[in-house]
Amino acid sequence: MSAGAKDRTSVIERSHAALQDDFLRAAVRFTTDRLKDRKHGATEELGRWEEWRERGREIRAHTVSHLDYYLRRFVDNARAAGAEIHFASDAQEASAAVLGVVHAKQAQLVAKSKSMVSEEIHINRRLEEQNVRVVETDLGEYIIQLANEMPSHIIIPAIHKTREQIKDLFTRDGGQNLGTDTKALVTFARRKLRETFLTADIGMTGCNFGVAESGSVVLFTNEGNADMVSALPKTHIVVMGMERVLPTFADLEVMANLLPRSATGQKVITYMSVITGPRRAQERCGPEELHIVILDNGRSSQLGDDEFRDVLHCIRCGACLNVCPVYRHIGGHAYGSVYPGPIGAVLTPLLLQGEEFADLPNASSLCGACYEACPVKIPLHDMLVALRRRAAGGPRTKRAERAAWRGYALAFAKPGRYRLVTRMARLAQTPLQHDGYIESTWGPLMGWTNSRHAPALAPESFRDRFSRMKQDVRTIKSDPQ
Amino acid sequence: MNEQEFFQNIARRLGREFPADANAAAAAPARTSVGAPDFWQAHEWNHQERLDNFAAELARLGGSAQVYETLSALQEGLAALLLELSPSLVGVWGGEFIAKMQLQGVLSPCKVMEWVEQPEMIEQFAHIDVGVTGCDFAIADTGTVVLLAAAGQGRLVSLLPSVHIVVMKASQIHTRMGEVWRDIELRGLDPAHLPSTAIFISGPSRSSDIENDLTIGVHGPAAVHALIWDDGKS
Amino acid sequence: MWMKVALFATCLVDNFYPHVAESMVRILNHCGVEVEFPEAQTCCGQPAFNSGYQEQARVVGRTLLDAFGNYEYVVSPSGSCTGMIHHYYPYLFDSNPGLAGHARELVTKTYEFSQFLVNILGVTDLGAQFAHTVTYHPSCHGSRLLGVKQEPLELLARVRDLNLVELPHAQDCCGFGGAFAVKMSEISTAMATEKADWVTETGAEVLVGTDMGCLMNIGGRMRHMGRPVRVMHLAELLLEGMEQGSGVRG
């Protein structure tokens, strides 16, 4: 999960690099602004967005709080439809389940459609270690795979790549005399990946939603690649997070309205495939076998944690990334894990213990834009505060920080002490201030003063001034109507 | 991890001693609301509105819809479209569709291949220009056609070619997605009897993965034409 | 109409921007409201709370429960500090049965300044006149946490001769975020720079807001970049306008 963070850098160091990259920032800003505007248009057009959003939240909350029931229904029904189910408590078990099928089928080539959960278990690396070729077929993922990188956005994995860079990557992959226009690049990818679809032994997808009442796996794509990947090879492997379930098809209608609008501002996804078991005897296409790997990988610990259970409501739409001002400036890779942006800043430290993720919850101004954008109303900003609370005073916090907050509590808990301390500060600042501003660029506040003028304390506080203020309260006759 | 432990762990995390028994009717959790907001579930257009909205929405997605008063007009329309496209090979999905819509005559000038059985057909359909299918349902709200993997229907015919032509009837168009589910449910939700796949197609294949520049025809068709026979008020 | 309210000045305004609180007092007086300043108040505790130090936030936040227990209304110049009370106090004091009720009561009677004027007093036209080009930055906590969106704009719309120009991407955070500005200085600065650029693009002479934290950040950044803009709290702008204009109407 931590390809970008293997060097154990902190989010500060990683974002420093990103902030020097003008193209990255411009590209991310351009795309996220567009997605944000489109989302706004699409939700306005739908109308009564808040009702839809509340319904989305209710459905997810209900399902997650009865996950034992709905997942059981899903599993039983999927089996009745002919699917084979595998259970994996962590990434390693999930990889083992996938590799088991791959070996049994003596597969040489696996075609994949975009899936965050497969990134989470690093299945591509595992397969390549076994000399099995894996090809990503989502256009953005394909680009990222050629560049040997991680996605930097949940929905637009190659958001940070220019068409020049893409042309070079495609040329290395066999493209000849490619131009940089989108049509030429897409035509190359279509031709190249068509071979993959036709020759792959196994197709592998994630799962946007599982429908409990029928045991169906539901996939959303705009390109049509998930349908190709699931239908053309003889074997289809689905890797799904255990929380992906919805009770009924009627609930899927809500998600089909919320997800594309929130993700890209589309009214509707181009392809929605509802897969219930493998091909039936009388049918004429589809895979012969369907395997579903159901993954826990830390989800059950969130399930048992009242403060973070709601994070399991997430439908992976990426809307929180598109509105996040921090994401917009530092891009996805600075988050150091497969889940970037506000959702990543919450999920990653819950899932991974590494030092390099410890600071992620601090990389937010708590502006709340993520919550406002979330189609299922996950209070991400509250969760970031809760994560900070769990870290506060712990071994990873600086001694000076702990001392500062102790001092704050001591000085601000009693009005008398507060008055004394602020008076002392007023005296202490005298040599540092000029024209109402503090001019020092050193000391604990240099993170501020390096780039911003800091105001000096006013010569007299309001509380000191107030006692001398004379109030002239105007008497207004209330209007008798 | 074995299945029992997996569920036991979930139950424990939810504060229950044992996992809920999905077979016991009493175990079904009570719900105050299911599916879309009530106003949306009550939303229903009349025949003409459904037809008009379907056509407008599909056009908005970059597809096209043409409505014909009679079946023979539709047949002429399809003939004209095929003439214009002049494909070297036309793929059609199987079953009774051709006979039902009486398309044999229209298709006869073209070289036609019917989808019989995977995997034999994959190679032959891989580079086909035009695919002609019917559909099982359509959705006016979103300009969507719904294809089921029912007996005899090679739904990949809708996905592999560069151009997808859907021949359909106006009476197949529902107002919103929820009604399609209701119809599928009426046939029984028993998983063993559901089609292995229901695919909801809304316009041509698209991507914005290269510098957020929208292109169509990435993996699926670059054009989707719906030819609709207006088979009367329903 | 005669009314008495308690002023919750916030530690930032108390110490750095006393004239903002003073402007509020003058305007409220003008509307027939007498203002008291209970000295037991210090700070809402948000800086510690948002940094994860909730115990420290609790002991400091308690000063507000002590200070405002006996008042019918509490009015504050900050959407962020008012938002802190509304959004987090019930949770923060939940575990203390003696304080939980007080905390919930404080939520019901605490208002941000523009919210109080428009929704409680029903005043939008203060008879102010302010012949300048102005742009408005909505604070994230004021608009999202507290839900104050229209009130400041309604007040500005009634100021004569004021030319209000829309701030592009106004809803985007300015990068303040309390300790975030110091801890994640570089990211915060990038956000402040972007905000500053949009302010500059509007060509406004005055940047107005309802939270001195944001204004201190944007104003401090613009001054550092060598393009200072006049930064004013809404109360300051209204008072200055009232002195120019003719006083309360309607």
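Going in written order, the chains are labelled A, B and C, and every chain counts its residues from 1.
Everything that follows uses one rule, which is that contacts are C-beta pairs under 8 Å (C-beta built on N, C-alpha and C of every residue); 3 or more make two chains touch, one makes a residue touch a chain.
As the structure is a computational prediction, the values presented were derived from the model and not from experiment.
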item: Pairwise touch network: line, ring, star, complete, or other; value: line
item: Chain whose Cα centroid lies nearest the overall Cα centroid; value: A
item: Chains linked by the largest number of contacting C-beta pairs; value: A-B
item: Gap in Å, rounded to a whole number, between the CA centres of subunit C and subunit A; value: 32
item: Geometric centre distance via CA averages, subunit C-subunit B, whole Å; value: 53
item: Per-residue overlap in subunit A, given as positions that touch at least 2 other chains; value: none
item: Footprint of subunit A on subunit B - complex, ascending; value: 1-3, 6-7, 9-16, 19-23, 27-29, 31-37, 39-40, 57, 61, 93-94, 115-119, 121-123, 126-127, 142-144, 149-156, 159, 176-178, 181, 184-185, 189-192, 194-213, 215, 217-221
item: Residues of subunit C defined as touching subunit A within the complex; value: 1-2, 9, 11, 13-19, 21-22, 25, 29-35, 37, 39-43, 45, 47-56, 59-60, 62-63, 140-141, 144-145, 171-173, 175-178, 180-194, 216-217, 219-221, 223-224, 248
item: Sites on subunit A touched by subunit C in the complex; value: 11-12, 15-16, 19, 25, 325-326, 329-330, 362-369, 371-372, 385, 387-393, 401, 405-406, 408-409, 412-415, 418, 422, 437, 444-448, 450-458, 460-463, 465-466, 469, 471-478
item: Subunit B partner contacts - residues on subunit A that touch it in the complex; value: 27, 30-31, 34, 48, 51-52, 55, 58, 62, 65-69, 71-73, 75-78, 80-82, 85, 87-89, 93, 137-140, 143, 156-159, 161-163, 166, 182-183, 185-186, 189-190, 193-194, 197-198, 213-216, 222-225, 227-228, 230-232, 234, 242, 247-254, 256-257, 264, 267-280, 282-286, 294, 296, 300-301, 303-304
